[in-house]
Every structure is written in C-alpha cells, then in structure tokens.
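After this come two complexes, each holding chain A, first together with chain B and then together with chain C.
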Partner chain A sequence: MQPRKEQLPPGIRGLLVRLGRIDRRWIYLAVAVAIGVPMLAELRLPEVPEKKARATFEAIESIPEGSIVLLSFDYDPASEAELEPMANAMVHHCASRGHRIVFMALWPLGKQMADKTIDSVLKYYHPDKVEGVDYVQLGFKTGNEGVIKLLANSIDGAYTTDAAGKAISEIPLLANVRSVGDFKLVASISAGYPGAQQWVQYADSAMPEAFKLIGGTTGVQSSQLLPYFPTQMEGMLIAVKGAAEYETLVTEKYPVTESPERLGIGRERMGPQLVAHLLIIALIVLGNISMLAARGLKGGAR
Partner chain B sequence: MLQRTIPMLILSASGLILILAYFSPVTVVWSDTVVAWFNILAGVAFVLGAGNLLAVNLEKISSRRPGWAYAAITLVSFGAMLVVGLGKWGAVPNPAYPDVHLAGDQDSTQSAYGWVYEYVLSPLTATMFAMLAFYVASAAFRAFRAKNIESILLLGTAFIILLAQVAAGAFLTNWIPEGEWYSFLRAERLKEIILNVFQTSGMRAILIGIALGTAATSLRLILGIDRSALSKG
Partner chain C sequence: MSAPATKPNDRLLWVSLVVLGLVGLSVGKFFRPEPIAEAYVSVTTEVRTLVEEAPTNDGSTPAASAAAAAAAAPATSLASGEAAGQPADNTKTQPAQPKRIWVDADDPAIERQLKEGTLKRVPDVAQAVWDVRTPIDNRATARAQMAALEKEAEKLSAPTDPTGLTKEQFDQREAARMAALKVVEEKRIVSSTRDSLGIWVAALLTLGILSFLVRDNPFYKVVESILIGVSAAYWMLVAFWSTLVPDLFAKLAPDLVRATMLPGLAPSKDPTQDFLLALIPLGLAIMLLWRLMPKGGWIAVWPLAVVIGTFAGMRLTATIEADFMAQIAAAIKPAAAFTAVPPDEAAIAAAQAAGTVASPGRAFDFGGTLAAILGLIGVITVLIYFFFSLEHKGVVGKTARVGVWFLMITFGAAFGLTVMGRMTLLIGRFEFLFGDWLNVAK
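And then the complex of A and B:
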C-alpha cells in the first residue's frame, strides 16, 4: 500500500511549509553566492575601530621605539583566514615603530604562518630590516605550555638555536634577552590550545608587570579570552572584524603605497561576512516562519 | 607492582616539584628540568602518535573494514611525507654548511616538503574549515527554532551579535545619539554589554570551576588517590 502523500495547505502557508523543508543544497548554493559575489565585486565598507582594537593599537604604540617584542604564531592554515590579516597588520605596525621582533610558534605549522608573514609583509614593506638584528625566527617548539614556562625563566631553556640552526648566543638581537620578562610586549595570535590563554596563565601570571600582553584570536575562542581583558591582556583582536579595525588604525598611521592590499585582507573579507550574516539571519527567520506555518498540520512543525 | 608504582612515583615527584617551585625560588631550577623533560616527552609523543596511526589504519586495512581504502590513503600520504621530510629532497643548501644535505632549508616551495605543504596541505586544511560556513548556515536554518523563552533569548542574542559584527548593525542604529539614556540600543553598545557583562561573567564562572576541578584532579593524581592515568594492569 502506497503511503498517503502529505496534504499541504494551499497558498502562502503551503509555500512557507515547503520552504522550511528545502533541500540543504539550495542553502549551500545561497551561501556560496552570498560569499562569492561580494568577493568578486570587491565590496568594501568603512570600519570604525572599537575599544579592543584601539587598546591593541595603543599597546604597541605606547612601548618605546626600538623595543624587543615577541610574536607567537599559534595557528595553522585552518584559521589563517581569520588570523593572517591581524598578524600582517601587527608585524607592519611593530616594524614601522622600529620594534625588533622575535617570532616563535607553539603550533607545528605556526612557523610556516610566521614565515609567510615575514616574506609578504616584513621583507616587502621593510626591506631594510636585517635578520638577526631587527628580527629573528625561533621557529616551532613542542611542549605547549611547557615552552612558555621555560621561556618565563630562561630563553635558553626553550630555544638553543633559531629556526635556521644559529646558536641563540650568536644572535645580536637576543644578546640582552634572558627570559620573556625582557620583552616589552608579547603577542599571541592564537586559534586554540596552546595559545593566548596559556600565555596569560604561564607567562603573564609569573611576571604580571614585566611586559604587555596582547592577543589575536578567532571568534570561537574569544569567549575564553574576554575575561582576561583588559587586566591581564592589554589588547585583544577578535576574528576578522577585529583584524579589519586594527588594519584601519595601522594603515591610517603607517600607510603603504605599494600593494596596499596585503594590509587590507581583513577589510576585504568584511564585505562577504556582511552578506553571509544577513543570509543566516534571513534563513533563521524563514525557518521560524515555516515552523509557525506548519503548526497544526499532521506531523507537526519540523 | 613496578608497572604502576614507578610511574606513580615519577608523577608525584614531578607534581610536587612544580608546586614547590611556585613558592620557593630555590627549586625553580628543578622545575625547569622537569618542564624540559616534559617538552622532550612531548616530542616523543609525536612518534607514539605516528605509531598509533600506523597500528589503527593497518588493522583497518587487514580486516577490510568499511572505509579501509581511506586508511590506505592515509598511510600512503603519511609515508610519503615522512620520506620527503626526512630525506629533505630539493632542500635549499644551508650557506653555513653547503656540503651537508641535511642542513638545508626545506620550507621554501623549491623543496618537495615545502611544495607539498604550500600546494596540498595548506589548501586542504583551509578548505576543511571553510566548509563549516555552509554547515553552519544549514544547521541554523534547521535547528534555530524559537519554541520557548530560552530559545527566543538565544536567537535574539544571536541576531544582535550577527548584526553588530558587520556594518549592518551600525547602519541600523547609528541614528541613535550617543550620551542619551537610550544610547545602549546602538548595535556596538549592545554587543559590548552582551560580551562584557553576560558572556564574560558566565565564562569567568566556568574558568573558576575548571581551575578548581583541575587543582582537585591534579592533587588526586599527585597523591596517588586517582590512578586512572597509570597503566591498566
């Protein structure tokens, strides 16, 4: 015996019920269009920097020019879309202020992320910077928070050479750096564990007044880090929006003329994000309208 | 007895040294040693993980369980990267040691390892996470239903955050003047209230709970009361 076909009400109500049961592939197509069209049309919107982005900007601005800063690249290609824009802007900001940068990574692919930023931003916009004197790449070190604990006591405990194999004692930039307390600022651009939270727990808690700690994080992880702002963390950038706001501040004060798009990736991605968010809101509203329309039907609302 | 007693002694000694180091500067050197050993073990854990990967996937292939072809692909990819990475094919010679092949740098795309990272691993990893956007939209359409007060509050909060995170929020609420008693209705102000008041206070409570739980569990492990971390024998 054939199952009886469900009788949907006529008119708009039936249409709304059918829309609530739409094949998910149409939704995937809508998302693709919502993201693809603004990207191709290069939809750009002005960004008004908010409190956290301003605090991050001020944290780097407030330390003396030529300070030694530590940037920890604690993410991999999965989070690159959210975190690369803020990493690029942060490196350009530090280099423009004359700060000397020490790069490291707690994630296995973090070194490659740092190398990409060094090549695309540091070497491109600041070709006068000399490796070993103005910046150094220490590379990835296994051990998660154990590395941070060792750095809190002694750099030598965690790193004996840089990523190229040169002894730490032979690197001029690190001549007067004994521990993480000798950095004026530590920044962790993190996608999860280990990341900014571990820097707060194991470095900042060990020497709370020694350096400023700022963090860049994905939207998903931001809820774990918000309790630390602004006491333990002086600045925080959250997801692509935070990156776009910070890019606005950095490029306003330190503009570049050649290939400015390298420092505009975050702002470039806000256009598709706007349309995608509006689409998700519309889908949620449609789903609820469909639920209401289906109330009272046999089988109930889905 | 040795299978459980010695690991327990190592665990207890390490834990006690790390606790003591926090209070006594004299024992800081010992704690650095313990942490350095931990970091070495973390490196060894990669080898252990690789061994486990081999064991699980080989078993899947030998017993021809459903999906064993994917296990074979996994092992072939793993083996290829291992050979390419350890062999340093095409590595750029190190200027300090030009005659030592293993001293070369293999991060650039000139080397096989760098090429596979740049053109295979990186795009694949990024694509895996990029697909989440599609699943989130589909799940939001199907699951976000305002059936009761809690879900209505959740949806309302989600709408505010979704709008405030993009230019739409500013576009909709910029007409509300600053400095008035109702200026909290501006999108960015609402977002700040939700994140800094409700969300942060809840997360602080969770973090304190996690910290207390971690401290209690660690104490049980150090004192040998909880032996679940030790071997099953």
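And then the complex of A and C:
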C-alpha cells in the first residue's frame, strides 16, 4: 500500500515547509555553483589587514635585518589550500627583509610542503639566496613535541644533518645556533597536532623572552590558539582570510613584478569564499524560517 | 530482484549535473587555447661532472677535518656541547669517505673550487648530459615563458651588425651572441606526458571522492580504498625510515646501516653509549609486540605504562605553564585600555624649549576597553557555569546563563571558522579541477 501523501499547508507556508525538506544534494550543488561561478568570473575583493595580520607582519619587520628565523611547516597536502598562501607570503617577507631562514617540519609531508615553497617563492623571487648560507632545509623529524623539547636544548640533539644529509656542523648558517633560543623568530604554520600549540607549550614557555613566536593556522584549529595571542604568540594568521590580509601587507611593501599570482593565492580564494559564506548564511536563515513554518505539522518542530 | 528505480528527484539532480558539466566543457572548448590537462615542464640541458672533496694535508677529507675542528673549537661550533660534557670525537678512528657529487662544471663557483683544489674531478668517469626538468605552475606561465624564450632566440639569431666595429670587437660580440643563443636554446618548455597523466589521475580521484555527495557508489569505494591503502603504506615507510632506521638500527649496527641503507650516516661520537641506550627502546618494542603472542600478553602493559607516564609528565608541565599560569596572567589586565598617541605640537615645542624629548600621549581605547570588560565577564560567568558545587539557581543560575551565552557565541565562532576552512579546501580542489585539469580558469 502506498503511504498517504502528507498534506502541506497552502501558500508561502507550504513552500517554506517544502524548502526545509529539500534533498541535501541540491544544497551541495548550490555550494558548488557558489564557489565555481566566482572562481571562473575571477571575483576579487580588496583586503583590509586587521590586528592579527598586522602583528604578524610587524613581528617579522621588527627583528634586525639578517636575523635567523625558524619556519616550521607543520601541515600536509590536506591543509595546503588554507596554509600554502601564508607560507608563500611569509617566506617572501623574510627573504625580502634579509632574514636567513631555517626550514623544518614536524609533519612527515611538511618537508615536501616547504620544498614546494622554496622552489616557487624563495628560488623564484630570490635567486641570489644561497643554500646553507641564506637558508637551510632541515626536513622532517619524527617525535612531535619531543623534537621541540630537543630543539630547546640543542639543535644537534634533534638534527644531526640537514635534509640533504649535510652535517649540521658544516652548515655556515647554523654555526652560531645552538638551540631554539638563538633564533630571533619562530613561525609555525600549522594544521593541528603537532603544531603551533606545541611550539607555545614547549618552546615559548621554556624561553619566553628569547624569540618571537608567530603562527599560521587553519580555521578549525584557530579557536584553540586564539587565547595565546598576543601574549604568547605575537602574531597569528587565521586561515585563508589571515593569509589574504598578510599577502596584502607583504606585497604592498615588497612588491614583485613577475608572476605576482604566487603571492596572491589567498586573495584569489576570498572571492568564492565570500559567495559561499553568503549562501550558507542564507541557508541557515531559510532553514530556521522553514523550521518555524513547520511548527505544529506532523514531523515538524514543536 | 530488480535494482531500485531511480527517484524522480535523483533524475533531476543527475540531469542538472550533466548539463552543468556540458556547459562548462563547451565554454572551455571555445575559449581555452590548449587541450585539457596538458602540463608543461621547463627542461634545461646541463653537462655534469663527478667531483669529490679533495683530501687535506693530514689525509682526512674536509668533512672529517671540519668535524674534528668543530670538536676542538668549542666557541665557534655546535660541537662545543660535545667538548664540554661528552667523549672526544672519534672520527679519526672512522674516517669518512670523500663525498662525491655531480656538479655543473661551468658554474663559476665550482670552477673556482676546482682551481683552488678544494674539489677535484673523479678520474675515469665521463661527463654526463643532464636534463633538469622543472614543472611549471600553470599553463599561462608556461605560455609566457615559451614566448619569451622564442623572442630571445629570434633576437639572438640576428647576426651582429659590423658597422663601426673593429674585427676584434665584431668577433667578441659574435662569440657572446653565440654563447647566449646556446644558453637560450638549451632551455626548453615541453609538454610533459608524465605530469599530464598525473593531473588526470588526481582529477579522477578527486571526482571519485566528491561523487559520494550524490550517493555512495563503487567509484567512491575504489578511491576510498586507494586512499586508505596508500596512507597506510606511506605511514609504514615514514615510521621505518624516520624512526626505526636512524634512531634504532643506526645505533645498534651503524656499519651495517651505513653499508646498506644510509651511506651518509655520520660517525657516532660514542657508539658504545648509543648501542647501550638503543637496547632500551628495542626491549620495550619487543615487549609491546608480545601482545601478538598466544601467552604473556600482560608483558605489553609495561612499555605502554612507560609511554603513558612519559607523555603525562611531559604534557603536565607544559600545560600548567602555557595553558594555566600564562593564561591567568594574560587575563589579569586593566579594564580601561589606552593607546599611545604621538605628542601634539604644543608638547613637542615645550619639550624642545626644555631641551628634552616629548613623551607620547595616551588616548582612551573604547574597543580595547570593551574587549577587556567582555573578557572579564566571559571568564567569570563561564567559570561559574562549570562550578557544580552550587545549584544553578538565583544569582548563580542567572550568571551561569550568561556563561552559556558566551559559550554559544564561542561555538558559533568556531563553527564559522570551520566552515571557512572547509570551503577553502573545496576551493582548492575546484581550482585544481577548473585550472589544471579543465583549463577553464587560471
């Protein structure tokens, strides 16, 4: 026997109730269109940098030119879309400011992420930088927060060679670096555990005055890290929005002429992001109205 | 039994997807200059020579002598820690092999080192012609680079204008032109089948995962299984090469590891101590694997206790310092916030007259004050909400209710940030599909 078709109220109320019971796949399709159309239309929005992005920018600007900074790539391809834009901008910023960069990774694929940024930004915009003198890639080290604790004691406790197998004692850049306290700035671009939170807990807590700590995080992780700003983390970039603001600051002061899109990925992604957010807000409002309209009906809210 | 019929709603959805796909492909067909999913690489031909570090006067290689010098000069080297509290370097007993590397002999830095004698050619090894392939980010960049190379080659192909030149000047310019032309011709931008195939595989795998949004299907199952299998294998390899080999096997049998797995393994400063220390994790690992034996499973509990105890101790101190004490300190701040402002002209003039420097003034910061007050109210009300020793009635109940509002706002903000993160991941995949694969977007 066929189930009896439910009688919906006539008019707008019925339409609203029906809207609340729509197949969720139509919503997926709407999200796809909301992202795809602005992307194809190349929708770009102006970015006004706010406090956290400015603090991150200032942290890198405020240390003396030629300082040694540690960039920890604590993410993998699953979070690349959110974190690669800020990683690219940060490496360009450090290199343009004349800082020397030590790359490392607490995530196994972080080393590949750092390599990608070295190739597409450091070697591309700063071909004069020499490996071993201006930058060094230490690569991935297993041990999660244990690696940070080792680095807080001594660099060679955690790394005996760089990623290419060269002994730490033979790398000119690290000649006077004994522990993490010898860096002027540490930045963790992090997608979770281990990441920025562990850098706060095991490095910043051990030597709070020794270096500035800044972090770039995914949207999901940022609510965990917000309490650390600005006392324990001097700068913070939250997801692609933070990256877009930071890109604006970096490219305003250190513009590039060739392939500027490499330092504008975050800003490119904010157009589709805006439309998708507007759609989701509209869906939340419609969902609530539909719930109210269905009150009193069988299967509806009470 | 027949398969369930497609619902009308499903049919409409499939039709919409197909129509959207066809429209997208048609738009791409008319407007894109290249076929879909064609990747380019930049190829540079280089002649490489095998060189090795020349031995120093005492017969050791520069690497070995650098390590020895590092141990002897604690003030200038990382090895100073070793000299202070650890046994002396034993590199003399285990001399390192000279490092061999293929280099571009035309590189001025290498040429200089060959002349100085810090590097020397390995005899009886012929030079090799190397094709260095560098993937190009996107096709627009590839096209621009191809056009630039063609333009450069065309410009260089025109012979030197001899007007007003002596024969010597003409010959010099001609030689420089030919050298530049050779460099340009050695740089090529070519279509890469391997990279193009990679894009197709990645695109199909992405579509396979996204197909779950329509309905669970065999395509999704296959892709999901591939993901799980590849991830499991990858993590096994990472654990083997980044933990077991360098931290266990290299300590237990360094010569064997150097001969078979890690030729670049540096000699240990104290192999005996390393060996003895490595026996502890080896023993714990064997005890942990004892769980797989038919009897004596309890043995595995002991290494687990060591792991849990170690991590609990390590995290306890870190959490108390970073998340408890430091957060309390950060929460205690004046309710009224002020910001520094530059001194006004009158103050500067007065300071100049007095021969001093004007101090910056301060202005009331409404936003900062509001944030400080809200922070204070939030901390107190949320703490009261989690205080269960008193019944949530009267003033306590009302305060706890305010705490609930703060918590709800926090959860809402966290949800918003999560949405932003997930949308960015989807945008990243769409950029790949539209850009790298379909070539309809940048």
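Simple rule for what comes next: the second predicted complex is superposed on the first by the 298 of 302 C-alpha atoms of A that agree within 3 Å, B and C clash if a C-alpha of one lies under 4 Å from a C-alpha of the other, contacts with A are read in each partner's own complex, and residues count from 1 in each chain.
We adopt the following convention: a residue touches a chain if its C-beta (ideal position, glycine included) is under 8 Å from a C-beta of that chain, and two chains touch if they have at least 3 such contacts.
Quick caveat: nothing in here was measured; it's all calculated off a predicted structure.
In this superposed model built on chain A, chain B and chain C take up the same space, so to speak, and clash. Look at A:Glu50: by the touch rule set out above, it reaches chain B but stays clear of chain C. When both complexes are overlaid on chain A, the residue A:Thr231 reaches chain C alone and has no touch with chain B. Of the two partner chains placed by the overlay, chain B and chain C both lie in contact with A:Ile35.
Residue contacts after overlaying the shared chain place A:Leu150 against chain B, while chain C stays out of touching range.
Once chain A of one complex is fitted onto chain A of the other, the partner contacts of A:Ala81 extend to both chain B and chain C.
Of the two partner chains placed by the overlay, neither chain B nor chain C lies in contact with A:Ser96. Judged by the touch definition given at the top, the superposed model places A:Thr251 against neither chain B nor chain C. Looking at the shared chain after the overlay, A:Leu174 reaches chain C, while chain B stays out of its contact range. The residues of chain A shared by its contacts with chain B and with chain C are 28, 31-32, 35, 78-81, 141-142, 146, 149, 154, 165, 223, 227, 239, 241, 273, 276-277, 280.
Chain A makes touch with chain B in their complex at residues 24, 27-28, 30-32, 35, 45-46, 48, 50-51, 76-81, 109, 111-112, 115, 141-144, 146-147, 149-150, 153-154, 157-158, 164-166, 223-224, 226-227, 239, 241, 270, 273-274, 276-281, 283-284, 286-288, 291, 301-302.
In the complex of the two chains, the chain B residues touching chain A come out as 28, 31-32, 35-36, 38-39, 42-43, 46, 94, 96, 103, 105, 107, 117, 121-123, 125-126, 128-130, 133-134, 136-138, 140-142, 144-147, 155, 158-159, 162-163, 165-168, 170, 188, 192, 195-196, 199-200, 203-204, 207. Every residue of chain C that touches chain A in the complex is listed here, in rising order: 9, 13, 16-17, 20, 24, 63, 66-67, 70, 76-81, 134, 137, 141, 213-214, 234-235, 238-239, 242-243, 247, 264, 266, 314-315, 318-319, 321-323, 326-327, 329-330, 410, 413-414, 417-431, 434, 440-442. Chain contact summary for the complex, chain A toward chain C: residues 23, 25-26, 28-29, 31-33, 35-36, 39-40, 42, 78-82, 108, 119-120, 140-142, 145-146, 149, 154-156, 160-161, 165, 167-170, 174-178, 200-202, 204-205, 218-220, 222-223, 227-228, 231-232, 238-241, 259, 261-262, 269, 272-273, 276-277, 280.
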